[in-house]
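Two complexes follow with subunit A in common, the first pairing it with subunit B and the second with subunit C.
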Partner chain A sequence: MTQIQAPAGQQPGRRRPTYTTPASPGSDPHGPHTGRAARALARVSGWWRGGGPVTVLFLLPMLLVFGLFSWWPIARTVVMAFQQTNLVEPAHWVGFANFHRVLSDPLLPTALRNTVVFAGLAFVIGYPIPLLLAIAMSDLRRARGLYAVLAYLPVVVPPAVAVLLWQFFYDASGDGVFNTVLGWFGIGPVPWLVSAHWVLPSLVMEATWAAAGGTVIIYLAALTSVPKELYDAAEVDGAGIWRKLFHITLPHLRAIMLVTLILQIIGTAQVFLEPYLFTDGGPDNASLTVLLLIYNYAFGSTTGGGDYGDATALSLLLALALALLSWIYFRLTRSWSDS
Partner chain B sequence: MKTTRLRAVALSITAVALGSATLAGCGSSNNSDGASASKGSVTISVEGWRPGDQQATIDYVKQQAAAFHKLHPDITIVPKEWQWNAATFPAQLAGGTLPVSFRVPFTDTKGLVARHQVADVDQDIRALPYFDTLNKNVLAAAEGTDGKVYGLPSDVYANGLHYNRTLFKQAGLDPDKPPTTWDEVRADAKAIHDKTGQAGFGEMTKSNTGGWILTTLTYAMGGRVESEDGKTATLDNPGTEQALQMLHDMRWEDGSISPNNSYDWAGVNQAFAAGKIGMFVSGSDVYNALVTTDKINPDDYGLTAIPLTDSSDAGALGGGSVNVVSAKASPTEAKAAVEWADFFRVKKYTDQDAAVADAKAQTASKQPVGTPTFPIFDQASYTNYQTWIKDYVNVPLGQMQGYTDSMFALKLVAEPAVQTQGVYGALDPVVQKVLSDKGADIPSLLQQANQKAQQIIDQG
Partner chain C sequence: MSENSFVSTTDLRRTGVRWARRILNVVILLLLVVVALGPLLWLAKSAVTPAQDTLRKPMAIWPNGPDWSILGDAWNGLHLGHYMVNTLIIAAGSWAVQMLVATTAGYALSVLRPSYGRFLYGAVLATMFVPTVVLLVPLYLTVLKLPLIHTSLVNTYWGAFLPAGASAFNVALMKRFFDNLPREILEAARVDGAGPVRLFTSIVLPMSRPVLGVVSVFALLAAWKDFIWPLIVLPDPEKQPISVRLPSLAPVTPIDTFLAALLISTALPIVFFLFFQRFFLRSEGLEGAVKG
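So, the complex of A and B:
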């Protein structure tokens, strides 16, 4: 293996001295200026002969795709946040008017509150579940793969289909699936999606079901890296399940847990699909989230439709807020994750 | 050797990628999706059928496109699946994925014209032989503030009360005597709920339809949601309050509105066709969609005029569609689009041969023929049209008598003229709150909604 790799790795290094040597200061017979030019020329020619153009050519399609579909829209968003446009007539600059209008929209506090509540509920309900599932699964001796597949299945179900399915479960009358089950225990009927109090917990439960599988797989992969000897040693020392969990498993998962947590916070702060498909923000804006508000500015017609400037302004504010949050998060948890 | 070949391959791949990207860039024209023109002949995409329509409907539209092509060999029509939707329309407009010819509600034309989002087809429309006989009130919906005409009105309707005759029978009610007052509506809805377990009444709540139907109920109770000049929002009027109180009581006292009541236009149609709703309010021509999209059993269907209170202002909300042309269409395409709208939607009301040909084709494709709409010319031409197609009528007109008997006596009230969708959107959450919160404070909800609507009107 090493024999095959070594020559390939050494090849560029072996070539380089043949053209860099003349450019070294000591051996330059024509003074400092020509020396610098020669060095630059040598660098370019070295880059050229070292396979530089091919690297760029290979990179180009990806640069084009990223540029066209990722960076260009981001740049346009920033520009459009300071413009008024309906994308048909020419845009005109409006300074900070869009930001001012968005920040004074009475719906913004509602959307912010709902988004924070959603993220909070997702943290309480949605964050521990995949972790517990993964830990339980990693302890299984048989059919671990089967359980992993079962846990991952909801991720495979197309989101729109999952929402249709859960709408059926969340039937608010006594005949609904969940309400029938709760009815056996004398509970309910619960007005799931049609009550302002129940709508966000209902959305979080579906979102947890839909997304947990992906995180379970990440945790399962991380758990395989925990050395088995540690558990054996702990057992010899008389540690029970909980002590093993708190003193071996969780400390080993700490770095991964910190990453999944910030990913979850960013994901839930941008929640759109569930409120859009289940309730369209209702009832009475009880499930209106920041991203749904952005969508409504641009494409919904509750505001007359087509306020692309307002939509991009709020998008920009959300992106900045999330960037700031992530920065603070990583600063605060730096010592934690360096384990 | 290997390296050289590798470089050659990389170069070729990049060249192909760059080449195709450049070609793709060159290929995008100024035309709307699917439109092209060359040497006098033109091809345009048009609104064809709704998503979910049956094959027969798709076939019928394609046949009509072929028949049109025979009459106009230089115009090729490409029908697309499309339906107006308040939520997706601005996105499609911005993205350029609209067909060249499409319909928008009466209420949206003026806004589109003001924002230059539809083409100026004034000359083409005025050149139509029947232009001078178009009903002036109907035509007003297609006019911009500059007095120019920006589209051809069609599919005019008054909102009516649709009811399920089978559920009426099961509840011990007479399906030939539908309710004529709101008290009767409430009593019948309760009877249906109590005897059949289904919802007695269905109310749209989403995508601005909550506001649309609440405005209909408001008009029926003599209220208005905007001042006549459209400058002042009047959502907190006694009519709207009365309508909301009725919905509240039907939901929380009678239980005749289901706790699951969360519908948009298509959703309530689906639930009604499936026999889950006893009554609902929608456009008089919704039977067409109930047949072609939701496969309703015709025996179940009944239509009657919307009950009006004693108030002298009480009336039925009326609306319709305007066939407009994408702002990105060339003059040739725009002219072709107007000719298609004339052929497909309007000509049949003025020309016996066209009426019969269309009715024949629709009957052959098992499409509903004879669903009551509102005249876009006058009562006489409407009656003429009904006589021409009499032999082909396949909708249960006898079950729609409650509506057809009184349609010409009905006081028709136009939708709010300024920021209609914005006003409807402000009312959506109010309807949702009243149906989801037993203790909802209706007057204060309406006050808040009114402030919001006023803000939307003021912003223009």
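So, the complex of A and C:
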């Protein structure tokens, strides 16, 4: 349908062919439309014959599940944080009112403080234990498998069961399990869960027991990947056990130590189960955490619940903080697996 | 035989080092038995001890002999079997949804590679940055009234199964594994006339048994351990899994029966772990590697 024309105003000696469609629409009834439609049709049929629908079919479970239960709720968090809803009437926009109310809630500083203290205690108590354990275990060659099983065992105990079991251990009377053991050494009784001072350390100890095994396994895997040649070379240079430990083993673990640290901070920032089941935030809000506060806004029985706007506003703030940490984690694992 | 350790065979020729190592061995074993295993041993002991003995002398080992009937009382009196079946249903359903989503998505993104695949994979990975617990409230409201079809999944097992499938970690793990399958085999099958479905069911899935095993054991254990989501989505006690049910049984149950119930609900995951320990202990390191 195209013709070569000599463009007007050009010198005959320097003719350049130009491709144009006919000037008058009447000369060709099908016009340019069929061209475009045919091309689109060709593209669709190519996509069809190239397995496009089958690909979509394979992606469908993911699109549905992620769409409904991940992408949609994420989008909804952002929207609902600026809305007020009681689920009966349609939601209406309230601007930053939810954020104002949440940020001026006198319980928020308490919850933040408790979450930070929990994370800090988990760092002091829970962070070094798996590392030391894994380093010591890695050297015990034959028994390593058995030790790994023993260390991992608490990880498979359902968290609710673990908390309910430890509740017996933390019985504040002299006949409680821990207080009986401490009594043998003339210590205590310690008021564990009923004291505002002891409650967070108690929760951290249980959480450490429940989680340390997983971290031990991560460290053990990293320890076995230290190249043997490095140790052999150090040996030739006359390095002793401690120098090898401090100059080869630990530097090799540095990247993974950072990763487990950030994973732990992300995990402890979301602590919910322990304060919810052990003490429900008590005594006197001494174990109220940020996530427990969010839960109480939405589902709490004492406050009445139903404050979905407040709950999502605080969720959004927590999510932003955690996303920042996750992003750092992501960058670190990427550079760590590249190296 | 030497291994890669900061203590070498040469170091071990020194008597001091050998002794230190023996002592370390015993100390670690004792520590693990007392600290890691100890609480579970205490639970096992107390589950068959009369309440009065546990209350008066919690550390004594059967001062008046064990009472095995407590286990039966807990099983029958608290209807543990019923809640255990609920847990098994939730675990099986969550497993099936996770496997379906992860394998099909991993296959489409890794082998079929549509042009928009990179964008979709990015959208999946991005959800890793948003921890699920933070999404509890909007997720609950979504499940309460699904968009477009406006039905509620609250108090249905679908409400427990389906959100479990939205695991970016599973999709990434599958895609990574499929990426490393030898392309020549896939090409050969394609030349022999295998369509995308055939390629998936007869070539890719059978070649992926290791990663299917890893994802399966972690999916089943996670469903068994889950507490907060089933608590929110299944308010009806008759439908709750055992771990959600236990806290509400605590105040109304005698201590010996309750401890027996705790033991019974822990026994299955522990046996499961001991049976599949290789999957758990070898693959925990994957978690870091997959995100790179």
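As a convention for this text, the second predicted complex is superposed on the first by the 257 of 339 C-alpha atoms of A that agree within 3 Å, B and C clash if a C-alpha of one lies under 4 Å from a C-alpha of the other, contacts with A are read in each partner's own complex, and residues count from 1 in each chain.
We adopt the following convention: a contact is a pair of C-beta atoms (placed from the backbone, for glycine too) under 8 Å apart; a residue touches a chain by one contact, two chains touch by 3 or more.
Owing to the predicted nature of the structure, the values given are computational and were not obtained by experimental measurement.
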First, second, both or neither for A:Asp280, with subunit B first and subunit C second: first
Which superposed partner A:Phe299 touches (first subunit B, second subunit C, both, neither): both
Partner chain in contact with A:Gly35 - subunit B first, subunit C second, else both or neither: neither
Touched subunit A residues, subunit B compared with subunit C: C
First (subunit B), second (subunit C), both or neither touched by A:Gly46: neither
First, second, both or neither for A:Leu165, with subunit B first and subunit C second: second
First (subunit B), second (subunit C), both or neither touched by A:Leu87: both
Touched partner set for A:Ala196, first subunit B, second subunit C, both or neither: first
Which superposed partner A:Gly188 touches (first subunit B, second subunit C, both, neither): neither
Touching partner for A:Pro73 - first (subunit B), second (subunit C), both, neither: second
Where subunit A meets both subunit C and subunit B, residue numbers: 51, 54, 58, 60-61, 87, 171, 298-299, 308
Of all residues in subunit A, those that touch subunit B in their complex: 51, 53-54, 57-58, 60-61, 64, 86-89, 106, 171-173, 189, 191, 193-196, 279-280, 282-285, 298-306, 308
Residues of subunit C defined as touching subunit A within the complex: 2-8, 10-11, 17, 21, 24-25, 28-29, 31-33, 35-37, 39-40, 42-43, 46, 55-59, 97, 100-101, 104-105, 107-109, 112, 114, 120, 123-124, 127-131, 133-144, 146-147, 162-163, 165-166, 168, 171, 195-197, 200, 221, 224-225, 227-228, 232, 242-244, 246-247, 250, 255, 258-259, 262, 265-266, 269-270, 272-274, 277, 280-282, 284-285, 287-289, 291-292
Contacting residues of subunit B [partner subunit A, same complex]: 3, 6-7, 10-11, 13-14, 17-18, 21, 86-91, 93-94, 111, 115-117, 205-208, 258-262, 327, 419, 421-422, 425-426, 428-430, 432-433, 435-437, 452, 456, 459
Contacting residues of subunit A [partner subunit C, same complex]: 51-52, 54-56, 58-63, 65-66, 68-74, 76-77, 80, 87, 133, 136-141, 143, 145, 147-154, 156-162, 164-169, 171, 175-177, 180-181, 209, 213-214, 217-218, 221-222, 224, 226-228, 231-232, 235, 240-241, 244-245, 248-249, 256, 259, 266, 270, 272-273, 276-277, 291, 294-295, 298-299, 308, 311-312, 315, 318-319, 322-323, 326-327, 329-330, 333-334, 336-338
